[in-house]
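To keep things simple, chains are lettered A, B, C, D and E as they appear, and every chain counts its residues starting from 1.
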Amino acid sequence: MTLAADFTARRGALDLQIALAVGNGETLALLGPNGAGKTSCLRVLAGLDAIERGQVRIDDDVVDDGEHFVPPEERGIGVVFQEHRLFPHLRVRDNVAFGLRSRGIKARIARAAAATWLDRLEMTRFADARPDELSGGQAQRVALARTLATRPRLLLLDEPLAAADATARQLLRRTLQTQLRTFPGGCVVVAHDIDDALALADRVAVIENGCIVQCGTLDELSNKPASRYVADLVGLNRFRGTCRDHVLTTDDGARIVVGSVHDGPVVATLHPRAVALFPERPAGSPRNVFEANVVTVERALDCYRVQLAGELPVVAEVTESAVRDLHLDRGVSVWVAIKATEFRVAPM
Amino acid sequence: MTLAADFTARRGALDLQIALAVGNGETLALLGPNGAGKTSCLRVLAGLDAIERGQVRIDDDVVDDGEHFVPPEERGIGVVFQEHRLFPHLRVRDNVAFGLRSRGIKARIARAAAATWLDRLEMTRFADARPDELSGGQAQRVALARTLATRPRLLLLDEPLAAADATARQLLRRTLQTQLRTFPGGCVVVAHDIDDALALADRVAVIENGCIVQCGTLDELSNKPASRYVADLVGLNRFRGTCRDHVLTTDDGARIVVGSVHDGPVVATLHPRAVALFPERPAGSPRNVFEANVVTVERALDCYRVQLAGELPVVAEVTESAVRDLHLDRGVSVWVAIKATEFRVAPM
Amino acid sequence: AGCARDDPRSLTVFAAASLTSAFEQLAHRFEQTHAGVHVDLHTAGTPRLVLQIQEGAQADVFASADEAQMQRIVAAGMARGQPIAFAYNSMTLITPRDRAAIQSLRDLQSPRARVLLCAPSVPAGRYARAVLAKAGIDVRSVSDEPNVRAVIAKVRLGLVDAAIVYRSDARGDTKLRCLPIDAADNVRTTYPVVTLRDARSPELAERFVRFVLGETGRQVLAENGFDLP
Amino acid sequence: MNRAHSRLPNWLLAPALIAAVLFLLPLLALLTEAPWRDLLPLLTSNETLQALALSVRCSLIAALLCLLLGLPLATWLAHGNGLLHTSVRVLVTLPMVLPPIVGGLALLKAFGGNGLLGGALVDWFGLDIPFTTSAVVLATTYVAMPFFVLTVEGGLRTFDRRYTEAAATLGAGPWRSFCTVTLPLVQPTLRAGLLLAWARALGEFGATITFAGSFAGRTRTLPIAVHHALDTNPPAAVALSLVLLLVSALVLFLLRHRWFPSR
Amino acid sequence: MNRAHSRLPNWLLAPALIAAVLFLLPLLALLTEAPWRDLLPLLTSNETLQALALSVRCSLIAALLCLLLGLPLATWLAHGNGLLHTSVRVLVTLPMVLPPIVGGLALLKAFGGNGLLGGALVDWFGLDIPFTTSAVVLATTYVAMPFFVLTVEGGLRTFDRRYTEAAATLGAGPWRSFCTVTLPLVQPTLRAGLLLAWARALGEFGATITFAGSFAGRTRTLPIAVHHALDTNPPAAVALSLVLLLVSALVLFLLRHRWFPSR
């Protein structure tokens, strides 16, 4: 086990209550809404903030138990901050060499290592540049190089791919994967994008409001999303309510006919592709039919995502021709049909 | 026409050579690799840097023609920077009111307007917070509110969604869409993500190395991507070469059998889904069969993307079971089969 | 030159500011006549010198512009023997060269005359006020200046119409006009000198004191406008 | 909470302590000399209070003038390093490197009745500056302003332009941007500069006595009073000096939370 | 290229000009008074050169001491605003608000033969500081250091902690982080502070003459020589003052590009 943390901490108005563990060579992705406490959590793990109660262990060292506190420079960690924080007075090369120099390594050797890392991240061209001469994505890449160069036993990455363009993203993912494969340590990476999370991480932990609401593989999250946010994250519609005789009454009062035999409190999820839209009230088999208004229409790569407000707020995925034929646009009213069997219902 | 720009400018070692136009109510997305010059281009449009030659017009005013230069505060523009740049000494509310106050609007009214905008971006709770008490995504949202509140005639957004989480992203997209619908002005938005670009923009301009390589709708880009980067962006494999008798010889020397009758220099694109992988050399109809090594395997939401290095470097999209069955992992060798008819060939 | 105190052939002399020129010449002459002896001369306002000596300044000879101040050294037991008067000075009325309105002490009473004196706390100010009192003139100084030099500078600049300063200080300044004060109204100020208790080399200090009192000393002091005992 | 980062390099404390002792010892020495028994009547005497009031008033006005005139000058200086800028910077250091008495003399020659500008001032405006309270203000401003200007120039040079860029894109012209963005953001240096200038002005002696003289109630500031007392009654001088120290202590304690916020 | 943002608010120039004139006039006045014909022999005379060398040497050593002792003190001060911190800050302002002569007196009382520590210094180490070149250094350091300390404290208080946080996560301990991150990033304030302290030290007179006296070649710095000349030969005093100005001009011109880089 590289990291074992179970602690409470405060940051402004936010109460953090975190329990997580990362095994050797494992990567855990941290997802959650803005302001949920992802950065705050990394800060605690890094030793930039102290905990109130609990314990943080890295390898076999207790680095914080509310009394004994090991400062960041002695934790053997590496952090990539959300804003890159390159040292403005040092050239790119010296920024990358900084961590090694801090560990007492000779300037020549540290600079050679820095050169290697810059090469890996395809930034050799900018070795002599000053940080303020870099573009946003370049700076983030250098920040990553700077951290990786120290070969930390625990990597903490705060949205390392946010500023990276499409191709750079692949490069960075690949570099991180290599890195994580060759070092025995673990990694906690904050991501906003489930794709980034999946590309880098084995497991995903979702933080909301300072607490971890769910932690598991993508399949575990998809099968039984613990919250509306998780459902959104994996692209599903999610409803909570009480089921009785194939009828689910959601907490908001909507009634859905579902193909499930569960009774009592349940969570139902629904894939957006299973939501069908019609200009007029459709006849036929679907058991759930209601009228709704279009809130937004967003183009995705090979489909359109339509957000609907009505008896049941749902997101539908439709083709381009459907958008054209139904004149889908904000405020347009359409009929929604969902087959009862499309709902996946799980008891709570 | 809100914006008409055709200019050259220098920034460090980069030569910018940009020609673009944005109509009333139109949004143009700017995409391109890190360091391509997207931010530099916005800076010129905003009046933070001057051009060398050419002209920039906003509405009917020439704001820069290499001699006469209109400073940013007189251009009627609004900028959201890549790093939020909130004023650290002002509370969130006053940050948002700043633009209106600068336009001579009374404090009371400006603060009321600020409150409205904070409400729209669901940041009312943080109206009295200081910028350094905000999380990354919250700060970016405030920066957006601050800019939108001034109702500029030209909006320049530098990755406004980079720090936003999945749900916030929808909120911001929706807000921007509303904004762009109700104001007559135009908008240039830098995005890394083709999804963001598509959600916000009507047209996409791709910058590489300081020059605009292609500008058009998604369909135009997909049909005939002007560069490898554009092809990657829309998720396609792209090959350049010369075609003769159904055989395309790529610039790297690979030979592909294609179902096209074009002769001469061509560009061929190929959807990753059309690339089939086999553990052994397959018999059967596919005309292009070769062995390749796996470079990376990345999980996407409903498939895996496999990058392959071989006679022809391609990306394949495969299912999870394929990954399992073929033991796909870095360095594994597999057989690739592509039907000739899957290539879309366009003369150059 | 950094550690004169370790060298028995060097002598430290503290002298009042008004003695600066005279003592510079004296020191020079003394060095000429006493081969290998180096005189370290430090001049400042008399009260300052007294403070410095009281605070343990390592000095051999002290030449004061004022008997009262000298008395503080004696009272503190820091003198070796009794101080000896070696020069006298008196006060003079000065005006800017180009201003003829004032011809004598009486003219100071004119309400338009701007008169400048040293502060009563410095000897020069005390003496100047004594002169005015003797003459029965009641004038108010525009300002209480900290030393004679400040007074003279302002008269030179024509900022005031008249001032009363030491005769020796006003001597030979082309921008000033010196108007003698009647002996009846004038005061005679005494310059005492003494060898200090903590002198490194008392006998060399003694020799310097005798040199000041002697022929060369008298000659130099006279040249610098002092009266002699 | 930020335990990790309020940590100072430990052995920085040794030289810091030496420096503190360097400042402490002379104070202690003064304190042992202070006439503790006669202190109260001395400090509440009319002259002392008069001098105190004058000192406080003049030093505050001087600080204000530093702000009003020095801030624009510092801003201009921060925007260049050409020949003109460097020359002006040299000009600004002049009152620092000049012994104050010479500074006072120079002021006399410039603004005195027969001075460069002085004659004109008297003839045209009837302004005779020397020996007035205005002279005190002018002298202390002249001596104190360089400290303000150079400190603030340093601060402005480190100022992050990204914020003024943002202000401009939000429609703020140079003036508005200067007032609402630049100034608040360089506040800590402004404060340091003001503090330096004010303290220097409060303790100013040489230039003041030369240019303004020493006239009770009009130009006799506390340092000048100290000086007078030094010649006749050193313990009283020490006592008066302590008043200066008390004033500065009072100000620093009052400003403590606003000017030196804990971080 | 950055045309938009080197713009100054225009009418800032008016007060800046007034300030510049305030500094210029006294200089002009001094120049009219200078003995131009006898200037060269005067300035190249042995005494002048001796005083100049002493002044330059002592002011540089004082500036160095400010850096060595004042920087740690400033760093410590910047880390708090409690009672102890405020008290020490008051202590530091002491030499600024004290008339320099009283400052010199306090030094005498502390380090003089009969002083608090002075007796011990003499008895134990044979160190008799007053009236030596060391005394000049000590006095100028005492007077100049507050300017350095308060300026640098201001700079350190605006320092962005995010960089030291980053340094710590990269394995840099407090000391390394202080040297390689904090110091380089507050350089402009360090420079401003050093410049202030050095200039103040160069022009120091009152405390020096009180604590160190005016011995030619040993403690007679240029300002003291100026003062001395005022008693004997006023035009020479002006000429010597100009030497001080020249020294500072020379330094500022040499430092122009490194210390005040154009932005």
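By definition in this document, a contact is a pair of C-beta atoms (placed from the backbone, for glycine too) under 8 Å apart; a residue touches a chain by one contact, two chains touch by 3 or more.
On a predicted model such as this, the values are computed, not experimentally measured, just so you know.
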item: Interchain contact steps from subunit C to subunit D (minimum; 1 if touching); value: 1
item: Separation of subunit D from subunit B in steps, with touching chains one step apart; value: 1
item: Interface ranked first by C-beta contact pairs; value: D-E
item: Far-end chain from subunit B, centres as C-alpha averages; value: C
item: Separation of subunit C from subunit E, taking each centre as the mean of its C-alpha atoms, in whole Å; value: 33
item: Distance from the mean Cα position of subunit C to that of subunit B, given in whole angstrom; value: 87
item: Inter-chain centre distance, subunit A versus subunit B - centres from mean C-alpha coordinates, in Å; value: 21
item: Distance from the mean Cα position of subunit E to that of subunit D, given in whole angstrom; value: 14
item: Subunit D: positions in contact with at least two other chains; value: 4-5, 7, 101, 105, 109, 115, 165, 168, 173, 227, 230, 234
item: Subunit C, residues touching no fewer than two other chains; value: 48, 51, 153
item: Subunit A residues counted as touching two or more neighbouring chains; value: 47-48, 71-72, 83
item: Contact set on subunit E toward subunit D in their complex; value: 2, 4-16, 18-20, 22-30, 32-33, 68-73, 75-76, 79-82, 85-86, 88-103, 105-107, 109-111, 115-117, 141-142, 145-147, 149-151, 153-155, 157-158, 161, 164-165, 168, 173-175, 178, 186, 188-189, 191-193, 195-196, 199-200, 202-203, 205-206, 223-224, 226-227, 230, 237-238, 241, 244-245, 247-249, 252-253, 256-257, 260-263
item: Of subunit D, residues touching subunit B in the complex; value: 162-163, 165-173, 176-177, 180-181, 184-185, 187
item: Subunit D residues within the subunit C interface of the complex; value: 101, 105, 108-109, 112-115, 130-131, 209-210, 212-216, 219-220, 227-232, 234
item: Subunit D partner contacts - residues on subunit C that touch it in the complex; value: 45, 47-48, 51, 116, 119, 121-122, 142-146, 150, 153-154, 157-159
item: Touching residues (chain side subunit B, partner subunit D) in the complex; value: 46-48, 71-73, 76-79, 81, 83, 85, 87-90, 98-99, 101-103, 146-147, 150, 156
